[in-house]
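First chain A sits with chain B, and in the next complex the same chain sits with chain C.
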Partner chain A sequence: MKLWKRFFGLALCIALMVSLAACGSPSEEGGASPDASPEESQTPPDAASVSGSEVELLNVGCIYEFDVESPYCDLIKYLSYDSFMYANLVRYDANNEVVPCLCERYEIAEDGTAVTFYFKDGIRWHDGEPLTMEDIEFSLNLWLNVLKPSVALRYMKDVEVLDETSIRVNMQSSCAYVFLRHMIMSSAGCVIYPKHIWEGVEDLKSFTGKEAMIGCGPYVYESYDSEAKIAYFNRFEDYHEGAPSVKRIAFHLYESPESVVMAYKNREIDCMFQYAAGLAGVYVPALQGLDGLDIGEEVNLGSPILEFNFKDTLTQDLELRKAVYSALDYELLAAANGGEYCVPGGRGVISPGNIGYAEDLPANCQDVEEAKRLLDAAGYTDQNGDGFRENRDGAEMRIMVSPAYSASKGTLYQRLAEVVVRDLQNVGLNAYLDENVSNSDAWKARFSQNKDFQIAITSCSQGVAIIDTVNQGLVEKAGSDGTLTWNGTNDTPEYVEIFSKIIDSKNPEEYAAAADESQRYLAEEMVAISLGVESMFYPYNIADYTDWSFRSGNGAFSYDTWFTLKIK
Partner chain B sequence: MKGKWRKRVWPLAVLLLTAVFAGQLAPWDPWEMTVPFLRPCWAHPLGTNDVGQDILSELLYGARTSLLVGVAAALVTTAFGSFFGACAAWFGGWADRCATVLINMALAVPSLPLVIVLSVFLKRSVWNLILCICLTSWAGTARVVRARAMQLREMGFLRSCRTMGCGSLYTITRHLLPNLKELIFTKGILSVASAILTETSISYLGLGPLTSKSWGTILNDAFRAGGILNGYWWWYLPPAACISLTVFCFLSLRDGREKKG
Partner chain C sequence: MSGNHVIRYGGRLLVYALTIWFVASFNFFLIRFMPGDPLEHLVGEEDYLYLTTAHPEVLAELETAYGLDGSLFQQYRTYLFHLARGDLGQSYKNGVPVLTLILQRLARTFRLILPAVVLAGALGIVLGAAAGWKAGSRLDRWISGISLVIYSIPGYCLGMLGLMIFCFWLGWAPTGGISSGGLTGAAYAKDALWHMALPAGVLTLSKLSYNIPLMRSGVLEAREADYTLTARAKGVRSAQILFCHVLPNAAVPMIAVYTMQLGLIVSGSMMLERLFNWDGMGLLVYKAINGNDYPVLQGSLLVLTVCVVLSNLLSDVLCALFDPRIRDGVWDEG
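On to the complex of A and B.
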């Protein structure tokens, strides 16, 4: 009897594993799953009924929390980057260039130390009250004096109301243009507040509810269904740029990208919103068979990078950095990063698609012999015959490779670090994985406070890449008055000067030229190395809707889409 | 009975040999990076992962980590838990009351979350993982051993020991614990299975050792690289099967021992 029980137990285990296997969709071309022929099982999204050419309800998937009814809500914070419910003074257009949003136009002072915003009459809050310059002044002063985000502290000096339709923001230095780029994606809570509601509020974070959700963006908060985890928003009929063509938007909140993929398969959502983080290439096979869905490929404007510590005597050496550059297997790094949807990055770190990207620089390419030659020529040779090179003075040389700690991407960084360690060992460099960074505090201490890493495997986020280029994370200080501190370790005067040109650029042309120059410097001096240029995917419904608009790197759920989308 | 016992032991013996001779059995160095995302083929019977490492070789080396963690953690927790429980029962009085409070407190804390928290704050190595598991899983054995030792303490042979003036340590180690060996063995076997599951869970969560292969790490890699959604069964099914079968083998060993006893 016992024997039978055991057989039964074993059979049950096998059955469970087989069911697990069945959960994964077949990867063969086309597949034979029901998903391959969605028209058979597909029921039209019940809420996507039509009224003329306007969209009644757009279902959007995302991986955020709707934790609180206030500007500090996780979902609202990221939607604010696109001026969804709380409108920004300016926003990014399709190519991530700054264009007016709440303001009608803006003017940057010739010396770049001030920016003046001009507004139309008749702009209203969601509760019907008119927007005034006092609202803008009140909000920006909240940023400066209460919220104290790095953007305000780094750039802003004070705010002056000029008249009933214009306001001037004075800067700490001549960085007005980059301030505009930066303020669009500022910290949580940094929105334009209605003064008549928030004036008496002492603790901004604890003030929640419908009143706290009043903004002047194109969408008005309706409700949040906590059981179904869906947040509903209606269009603002009195929006100053006209009412959007999408009447209602429902954000379906999920826990993971896998859940979003399943939602696409079940036709629960029409598109997705995820700031700077679309679906990774590994999910594409699961989505490709779905009819009526464009997988929405976008190039990630940021990228994983290998960063050298310029405070470390070994990695300060340009010859060593160049040898590391030649030693790496970029094809494998790209495969580990995004499978077939990632390609080796280019010299100069900056990814294609960014403003000022220098197209003529070559793609990264492994050359092991060149790496060995550079190391030999620089005097890093194996003197004791243990297979690893020693320092020039004969002392033992070890290179620590530290993968960044990240809840979402930590495993990827570890993977990339494994490849880097292997490649460095292949050219005789005694590299090893840093095992001491197992939480965010340890990483922060290693990377930002003590700066005791040698090689870090981290990334330049898409936001940083858009705002003021990857250099922000590599340079130590910059800016015309030299007071602006940044996140990196490199304080080489030449590099500081180049980044200062980016920060002090007065217009898009100057910014693009400075970005181009910085990329050439990065390529020459090997301050950091791009570990791949990956595609991200923001699938969108082309069966039912047409006239989607896109923002580079952020997919189809864009500010413009809310006004252009139509029923097919 | 001996034949049945052998039947239960040989799968574990095979596993142990696999772990010991992983270096000889594995067709590739599990750290060697070749062509990524290969399907099963002659060169790579279970294909390759996202950085081109041979999954079969990873699996064989993974047995080493799982068994090392499972057996080492079980040895320590069983030895400490048994001794602690036996001492508590033998000395009785305030010592027993203190020990009981300590055991109850340790049992009240959910062990897996605690191991996760500890793993986050320690250097990521196999020995630290073993330490975390030991710190969180000794109490079950201690409680069971204490309860049984309380019964034995009143038995004649132990009373005689006490009357003859035998020392406490001598009595506990020479008379009390040897009479609990069946119970301790059973708890030990359970601890191995439990430690293996904990190790794979921690590694699956991406908190395992960075420099050793583990079945949990293989599952984590497969999950992260879309292996499950895209149906790469050769990637995630073998480690899942290995974990299940290993735990099953240990549990069946315990059942056999109980029956034999």
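On to the complex of A and C.
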């Protein structure tokens, strides 16, 4: 008996010791500064804060990783789109129009083949060193030669330093304006690097640490507490556009949108930062009742789309495409996409809120009788009485609907594809779900390599929608020199010319006009169909703060907010 | 130790080594048959789509850089070669050595799961023994009933319930994370315990509900055994029968269960770690699967395999120590 008493006593002691030992040691990272107590980081500004004064600490929730201290870190990559720590040469304003950021101004050459950036004197890196044109040249050459041609870099040819305050970037064709739109949201690592730090670095990805986090944006990296999963940044007092009004920002990193919702409910965060992916409508009921929180509704500038393959003989037929358009139940598709927070898209495919959005084009609307009439008139009739229409020559007609493979949105595409199949069958089209694209390799082969799909259910991301419109994914080749290859299948000269106008536009007006023209073409020719316009939600604290600024499609945590936000 | 023992234990060690090699190889091939291309995660979905169409040569260069260009067999050979040198490689995602990542996450997972396993083990023995010894009593019905209810609830559901009750309704627990940050010493310890309480509590309950019926049935079986009847006939006191005859016999299967639970600590608890934002092994594996990060996935699964095999070994040794029949090979040899 004594033996067992000892055994139990020993077991309990071990359990207690393990718990204490595990919890008693201080954080080995010790990253956070001593003044970053949880109390401080989780409560709104104290009552003594003066109304209208600067914000001491803003708590921001996000679903990113902070795995390395480098421009390749997920969180830093997406923050760089807004020129947070690494300032970009230009940035997007509230309406996603290009405005100067690191540069004082820019000039696009008349023929659109070059853009010249002009800089103010006295811009400094976070370590106090002055920014030089060699830094810009070094960085853009790194993009070109080391980081490989991402979508943005395809436009660049070379870089020339003109003098101590200006630099010119020459283009492959006359696409300087769209290059500016693109360079803001380039791949990870496409930031402006301080040459004095990065010059000798051989492997960009392996260079990490505090030095790798030296930028010239409005915020300076302070530390990352890997246990608390909070990254701290302080404002850069010497920022060339003046110091921000938010002195310190703490990014709380979560694993799921559910955790973000919980953080809002517990008042751990004041707003959220998530590039092009706010909270979905399903979370709204959980947040709506919270005092002092605006749910921050934004329209997703991208959208799921139905894309026709112009290499396929059947879907090349405009009458068939129009019949497909009329057959679809857009209310159901919108509901399947985002419940009550999604509405049918417009006939011009591009979502509202985008530059050049054509408001006068009608919203998508189902008309089954019209679909049947169009098919009958086009000669697609049921000749053998099996309930499905045959080809004009009497041969069996089948339409394959391929949902895109996507780790994050695969189930949505699958759902939408099922609705499309059902609606097409309702008008006598023998549609079926493509079951051979259930992995990325099969989808890649079908959609990009072999291009042997008929109807694809995919999407235009918000980034693409902002940069150069949904057309990027639909057209095959475009650009003034005809060398730029795109992801789509449509090489109709008229369409190629319209998209070329978009990427060869020299200024916002030309871009908007070309975008408008493209929507009218899309509406007329049915190159693709929008499957819904969804709302996203970026809730923000209105109880303690005022003067939030917004960027269309990205919510309240914007570049402008860092400078305008005040205590209420 | 006799020659027979040497052969038996030597053979067992050989089986363990072969198991590790087999599982390491199986893991290598299995994850390469997972859908998805690691390059898609490396360059981003949009760039990947663009490069596939417009610049496949860039993707080919990247494949070479990440050792994904050779045949599967060549990749396997390289993997084994590196493994033999103790090199688990670097994460595709961030270039950090896999061993560094695993060790960091392992410490955090241990912090969460070790106390849970120990507590669930100790309480499982006590409550299971009480229920088994007083089988059919009100105490047994309560203990068995509650453990059955908890056992039937999946761990992550239990976690969500815990969050709802203790985090939102009562406000006693944080929403997740390992600590609040910026604290040291006693304040840190208090804060860490506060963060640990709910996830560790949920895990303890979850494992406890498994341990209780196991211990109960062991005690019940031992209580009906001939040696217990003999002890009773000899007039031995009840408590003495329980502690000297019933518990030692009922404990042997529990040793195997506990050591196996220790081995599985390494894998963490994927869903619970995600739910409680606990950056441990479970989350590491979860993210490696989602990101097709082969080196991290291979390394994590290998470490998991080694730990399970070692815990199996520990189980064999402990069972042999506690049970002379196993030590002498009576059970093995029929």
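One rule holds in what follows: the second predicted complex is superposed on the first by the 512 of 568 C-alpha atoms of A that agree within 3 Å, B and C clash if a C-alpha of one lies under 4 Å from a C-alpha of the other, contacts with A are read in each partner's own complex, and residues count from 1 in each chain.
Everything below uses one rule, namely that a residue touches a chain if its C-beta (ideal position, glycine included) is under 8 Å from a C-beta of that chain, and two chains touch if they have at least 3 such contacts.
What you see is a predicted model; the values in this text were computed from it and never measured.
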item: Touch count on chain A, higher of chain B and chain C; value: C
item: Touched partner set for A:Asp67, first chain B, second chain C, both or neither; value: second
item: First, second, both or neither for A:Gln383, with chain B first and chain C second; value: neither
item: Partner chain in contact with A:Ile230 - chain B first, chain C second, else both or neither; value: second
item: First, second, both or neither for A:Ala280, with chain B first and chain C second; value: first
item: Which superposed partner A:Asp329 touches (first chain B, second chain C, both, neither); value: first
item: First (chain B), second (chain C), both or neither touched by A:Asn439; value: both
item: Which of chain B and chain C A:Asn426 touches, first, second, both or neither; value: neither
item: Residues of chain A that lie at the interface with chain B and also at the interface with chain C; value: 20, 23-27, 438-439
item: Chain B contact footprint on chain A (complex, rising order); value: 2, 6, 9-10, 13, 17, 20-21, 23-27, 258, 261, 280, 282-283, 285-286, 329, 332, 335-336, 339, 410-412, 414-415, 418-419, 422, 433, 435-436, 438-439
item: Chain C - residues contacting chain A, complex; value: 35-37, 40, 43-47, 49-55, 58, 61-62, 91, 93-96, 104, 108, 110-111, 114-115, 118-119, 121-122, 125-126, 163, 167-168, 174-185, 188-189, 191-193, 196, 239-240, 243-244, 247, 274, 277, 279, 283, 287, 290
item: Sites on chain A touched by chain C in the complex; value: 1, 4, 8, 11-12, 14-15, 18-20, 22-27, 30-38, 40-42, 65, 67-68, 70, 72-73, 148-151, 154, 187-188, 203, 205-206, 208, 225-230, 254-256, 259, 262-263, 265-266, 268, 405-407, 438-441, 444, 448-449, 461, 463-464, 484-487
item: Chain A partner contacts - residues on chain B that touch it in the complex; value: 31, 33, 36-37, 50-52, 119-125, 206-207, 209-211, 220-221, 224-233, 236-237, 240-241, 244-245, 248, 252, 255, 259
